[in-house]
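Below are structures written as structure tokens.
Paired with subunit B in one complex and with subunit C in the other, subunit A is shared by the two complexes that follow.
Right after this comes the complex of A and B.
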């Protein structure tokens, strides 16, 4: 090697140099083997991890179907909104970030922790909705902290826009996040936590039709969670639009009539059972429910003694008062008792050893007078002659004490008392004297406004009763329709026997009710040019003796009922008005008259017989601050 | 004239190095394509050009001249490290750079390593020349010689660079004739001291231990060393046999892999070029190292061999630690991969070191 002769001792160890080469080889072989382990043996595992890193599934929410009235005027629309989600797939200690997230999104920390707890068993890939309808400020916060808080993600979606001021709120219902309890039920099997679901009204009944199918996008993200591309997508299928049987004009008239009052108005086409208007008061603002509800608002609703959340049209179960006399008349006439009945009214009479009062001294009363005058003495007598089971048979035949089967959730069935009913529910025998109260629509008798509208509308239609509904059957597929019908069973479509003569007696008498003058109970509601018939009801909420004890007050004022029809036979519209503590049925008759007037005016306009009605109302607006139509007189 | 001077130039070694440099430039281009560091491959090519010129220049200087001034240079090195301490620019919490003005920065610790290789060569040459065995006193001196600048760099703090001084010492001791018994005692002592230090918790406080592995990355959780290694493993593993292709590595392009153009460039390369590419790079390193050792074996005199083995030792150490880190065998220490990672100081050091090696080779028949 070396040319110069060098002392051996001055040389480096050749062995050690040689060994260094082996050392190099060893180190590189170890690294190579390790690479084999990672890249060949572990390739599949790491490829999956790399995919998980970069591909993220983002839901694309389907917009809910819009809701229109029968003539295609919009009732419920959607508006674009941004929701903030929390992703849990990151390799991160989320708890440490929560205070910062809470501050930035203006959510209490405990609320976020609660939300996380609710989702702890949900799959990790599923994003948690943190806050809906976030403000531009909060959106800016999320954008500005993409690096520190990559777990925050925003999602554009469509939110519900309901009419203002609780317009038709009970009918339409509202949407909210599906609750844990719901998720445990079978019918929510297809739902996931965080899904928006109809919580009441039409939104609940027709949720499966309105909600559509959510899609998703597989997006490629970088390490900051920023979207850099898209891999694939599954398109969202928007929910189906729904056309209701509601007539916006009639609904608005009904809303206006009930302004500032407690109670309900329901208007229906008795031929078909199509609901034209449904109002319940007091009302609530469903827009408050579609975003996170403020606790103050929730408290104000829960503490209101008049139950703003209750749809009184189908849930209020109250004594119908004298409106029940139409059903009594049906029973009396069909049993051939009432035709020949003549009763001397001296302001009441003795029945079963007790004096029962009438409002007035009507003198000699027959069936033709008894209805418009609403003579209690006549119906005490008729009730005594028929007996409770006959009355109950006719009551049940027109749907009293049963659900009507309307396509809305939580319908109440009311009570049609009978001997059997009392035995079953109170385990007591029926006392014959109790029939006297039932005869004038008091006692244990309880109806909903819808039941009453359907029963009296059916009688006025010659005994043909229709199943009430708010969505046209032809909007639905056959399977959807049968599913709705089986979910909401009721007495449905039916025909009861009613002779022509009896039909005429009853309907003519109802028309007499609104005739001017005499004893006629709803003369103040008379409308020129409209064949407006009906029956008042003034239902005591307390017995006379109890009233004497408490000394009166608003909550002791009787409930004012009216069921109106137009025209008198085969009516196109039946309107039931319940004005709680409205004092006299006559007052409700004037409200019914407003609704019927709106209906007739609109129908005439549509037939081209009127120049112009009020300009077509804009979508989702309500008559503002109308009210103040409370009649002064009786 | 020039031609005759370069007749013994190691063109083969240079060609291996240049192939690797091309691979480096291409991978830097791919790894920075989606980032604000886009175009760094051009700066890397400038560094390479400067390095190659520097290599040729230094290869013309007789390495014996360099050995003569080695102790002086050592003194200057210590002064420059003190200067860094006093006037250095603080970047990410560490003082490593001296600002030269005009945007140029000088990182003395890289150059100090070159000086240490020369000093160690001269130190051990003197021992070998005297013909005596390595005494405990010699070993102590050698530890001091390397240990002082090592401690100063460690203090900057720059754990990565300071650790690269160790192979200089190890190579010197190994070739200087350390006996196995001595080596065993030293290793035992280090193990014992380290064990006591770690178990008593005095040597390293928990935060220091954490910093030891992740001191490079002061900013956030996401940058913690555990996350980095995990992402690096995913990058390497998901590359598979053939890799995902240039500009197609999701870990590299999606910014999941930290600093994919410097410390983690090997992981980026593995992701995009797979096991085949990775083994190719290992093979190139193997060829370079073996070629270096062959040059050491054929060097004209012991100091020549010692210098080359110092260079080779540092190179092997850096490869092992950096690649080891990328595949999860080593902690994150911030040691760049020589000839692959982006960075001027590292590249220029490497080529200057190669220049000295070339000179040694060119002088193997000359005296």
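Right after this comes the complex of A and C.
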């Protein structure tokens, strides 16, 4: 027995020992191979993996470029703001923390849960923005609970700050997060979800210049994901500052003139096309868009029948009324029809079998009287003599019915009716009688305030029309400039034929419009000491299409137009005023006068040509109203 | 089969132990802190924080095992030091004896003044208590150990959930804020100091009423680094808690501003270093605030309201910058406003022109000039003397670019 068992043991150990020896050796070899693989062959890969676990890239957002007026006065700035993000990389049960987060950040719990649901399928490493522009208290809450709520992270950024009261809001535009739709467009190829982009106005057009390049910091994090050090950083490149052609003084005057009204004012330097002021009313507060937009505010904007978001300077398409008579005069004079035309105005006349009224009995009217009197009968007659296609040719030559090519998004082109236009759009022949209402700026004719400013400013400049723009060309590189010009095509810079004699007739007649005595269309807007000329327009809003376009309908009071220039020939400024339901062009003329006065006063101040007086004495008036204001003792 | 187990008893036991450990570790790693692992349930009632925070079983066992040892070590180290001082380190006893006799006399005098100080201290404390009446209850605790790591600033206290301590409770000394309770165990609690890299608090600078965020750092410094440069902030200004962080009640002293320097890594912010009021390096006794009343006494409420009003005034940097931007409703008078006066006499067409509800806008009166210029009536030459589109005279010197 004993021997037997010993025998068996020895026998067993001999074989088993060998087997286990080989087994152990094999296991060691396998382990050795794996060790070799891990430590030697895969060293770099695993080191990178380990580093990534330890080092995290945190974006450093580049501040957008600031925006200045033409003299370097600030219009748009940035302010430091903190956004709270939720990180989901932590090994944590987030749901249990949500009530505490909701209380600390003052967000309804359901809202956080909704946000989380929206990001359900987003990659885990993508931080979820919980709340923008948090208060110091909320930031203190996050910092005081870093241990309990390591999933909360804050990010400093420079946020856009726009002027209050919607000052120049339509011109400047606003920024917002890039939308999913945008990301699919080629233009936004370089953008990532969550990036902030310009959504309208200058912010949109010049987004690539204003935006800058985001940087990043490589931070070392501990096992809780908290920053404990910094490895390296790539500095953010701030966006380029932009200087606009806007003149803050002129803009301010235009904003004040339009307060509480509906419509638009656009002021331009006709020599260069530099926009000096652009106002649209009603307005909106772009600051509301730069942080999360409240639904109540959005609703109030969307439900406003006067379209606060619409930049009426370039998007309102309305009948120009009598302001179009300047373009009619251009056509009539250049066609050598108007010079010799004499019309007897008895409060209207019969054209194509229908009576068309004039607002007064002007008696015998020629071209010199017809402009300041704004005699409809004269222009009915002229329109009948010229015919629609000649009018359309001149209208198109000064840019009516085409975009001007201003460097702002969503410009409207307006309508210059013609035989071809009617056939194309309405598939109907042109009835000759329709030309009569076009002759006084009614009918199917539709213009934007900017088109009108450019056209009349161009005629007053002897036929030289400029491409309107809001940013100086020398602010841009050549490729940027050509990119902008091809993105916003339009009528652009051009010169139309206009004889000196005709130029003189039109501009002198425009000066008569605001001259005191005699003609009464805009004499109330007369300013002593400034060679202020212009043309009124009072456009009926009965047309259903026009009604639909303004979205109004709450009023059938006519739209008041005025296009003013100073001085009368080769003007330095042209101002187009559209006061919707302003009733009478003369009302708009007074608004234009305020803008022109602000401009001229500023120019005179810069040239040192203002009297330094504590209490401004009344300027001495010269009897004939010409020759300037000669103060006593000079 | 029976022989198999008897023969491999030792390896089997070893494997079983190793397996158990591995499984325990796996549980610890895979289901961290959050999950209610069996024994932690009782912690729910006592130690659970407002967010239902729990401590893992393993960790709790470890702490339970180590704490008595630490207590013994802490106590015995004091005793050993006493033995050393009392019996062994007698080398300079005689000289010291003479010295000490003089000291005793001096100390007796000092004692009197200390008694006075102590009374004053009590008075101050009552004063503090009066001002902060909404701190309703505190628990005094002794520091019994440190975390033992250079980078983390965590201390162990000798009171725990059994004494009413909960996570997030603020911890103070009579000098000022020290930190807050992190994890709580039945008889022990962790104190996270305000200079830890993961600590933070909302603060107010007392004289400028500017709100800041206090943060600790890996090097153990206390800083405010969310404020932009502000010339009003000066070293020496007192810093107190703002109450906005939902941890520290309002008005507890934190420290004074030690230095202000631009922070190159966080443009445009500045780094404001704070000297903590409490001596964080030598903490022995602390007070844990275990209860605050939700309703403030009238004086405290008034103080809070004042501070709130002041904070609202400069709460957002945005408001300060907004003042520099153009605004329609600013008081700054400009030429347009000055010239915007109505001239009703000249409003010849007001009968025709005015629409009910739409006021007529005033007409500006151009300012008097020194000499006629190109805008003056009659200054424009006839068309034949002009080149179309040309500027009549050179425009005044154009703007300088913004810097």
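Operating definition for what follows: the second predicted complex is superposed on the first by the 504 of 634 C-alpha atoms of A that agree within 3 Å, B and C clash if a C-alpha of one lies under 4 Å from a C-alpha of the other, contacts with A are read in each partner's own complex, and residues count from 1 in each chain.
As a convention for this text, a residue touches a chain if its C-beta (ideal position, glycine included) is under 8 Å from a C-beta of that chain, and two chains touch if they have at least 3 such contacts.
All figures in this text were calculated on a predicted structure; none of them were measured in a lab.
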item: First, second, both or neither for A:109, with subunit B first and subunit C second; value: neither
item: Chain touching more of subunit A, residue-wise (subunit B, subunit C); value: C
item: Subunit B versus subunit C as contact partner of A:77, first or second or both or neither; value: second
item: Contacts of A:31 with subunit B and subunit C, given as first, second, both or neither; value: first
item: Contacts of A:231 with subunit B and subunit C, given as first, second, both or neither; value: neither
item: First (subunit B), second (subunit C), both or neither touched by A:148; value: both
item: Partner chain in contact with A:248 - subunit B first, subunit C second, else both or neither; value: second
item: Touching partner for A:420 - first (subunit B), second (subunit C), both, neither; value: neither
item: First (subunit B), second (subunit C), both or neither touched by A:93; value: both
item: Contacts of A:14 with subunit B and subunit C, given as first, second, both or neither; value: first
item: Subunit C-contacting residues of subunit A that also contact subunit B; value: 91-93, 96, 147-148, 150, 224, 228
item: Contact set on subunit B toward subunit A in their complex; value: 34, 128-129, 131, 174-175, 177, 220-222, 227, 230-231, 233-241, 250-251, 253-256, 270, 274-275, 278-279, 282, 285-286, 289-290, 293, 296-298, 300-302, 305-306, 309, 312, 316, 319-320, 323-324, 327-329, 365, 367
item: Of all residues in subunit C, those that touch subunit A in their complex; value: 32, 34, 49-53, 151, 167-168, 180, 182, 192, 197-203, 211-215, 218, 226, 228, 242, 244-248, 265-266, 268-269, 311, 315-318, 321-322, 324-329, 334-340, 346-349, 352-355, 358, 360-384, 386-392, 395-402
item: Complex interface listing, subunit A residues touching subunit B; value: 1-4, 6-7, 9-14, 16-18, 20-21, 23-25, 27-28, 31-32, 34-36, 38-40, 42-43, 45-47, 49-51, 53-54, 91-93, 96, 147-148, 150, 220-224, 228
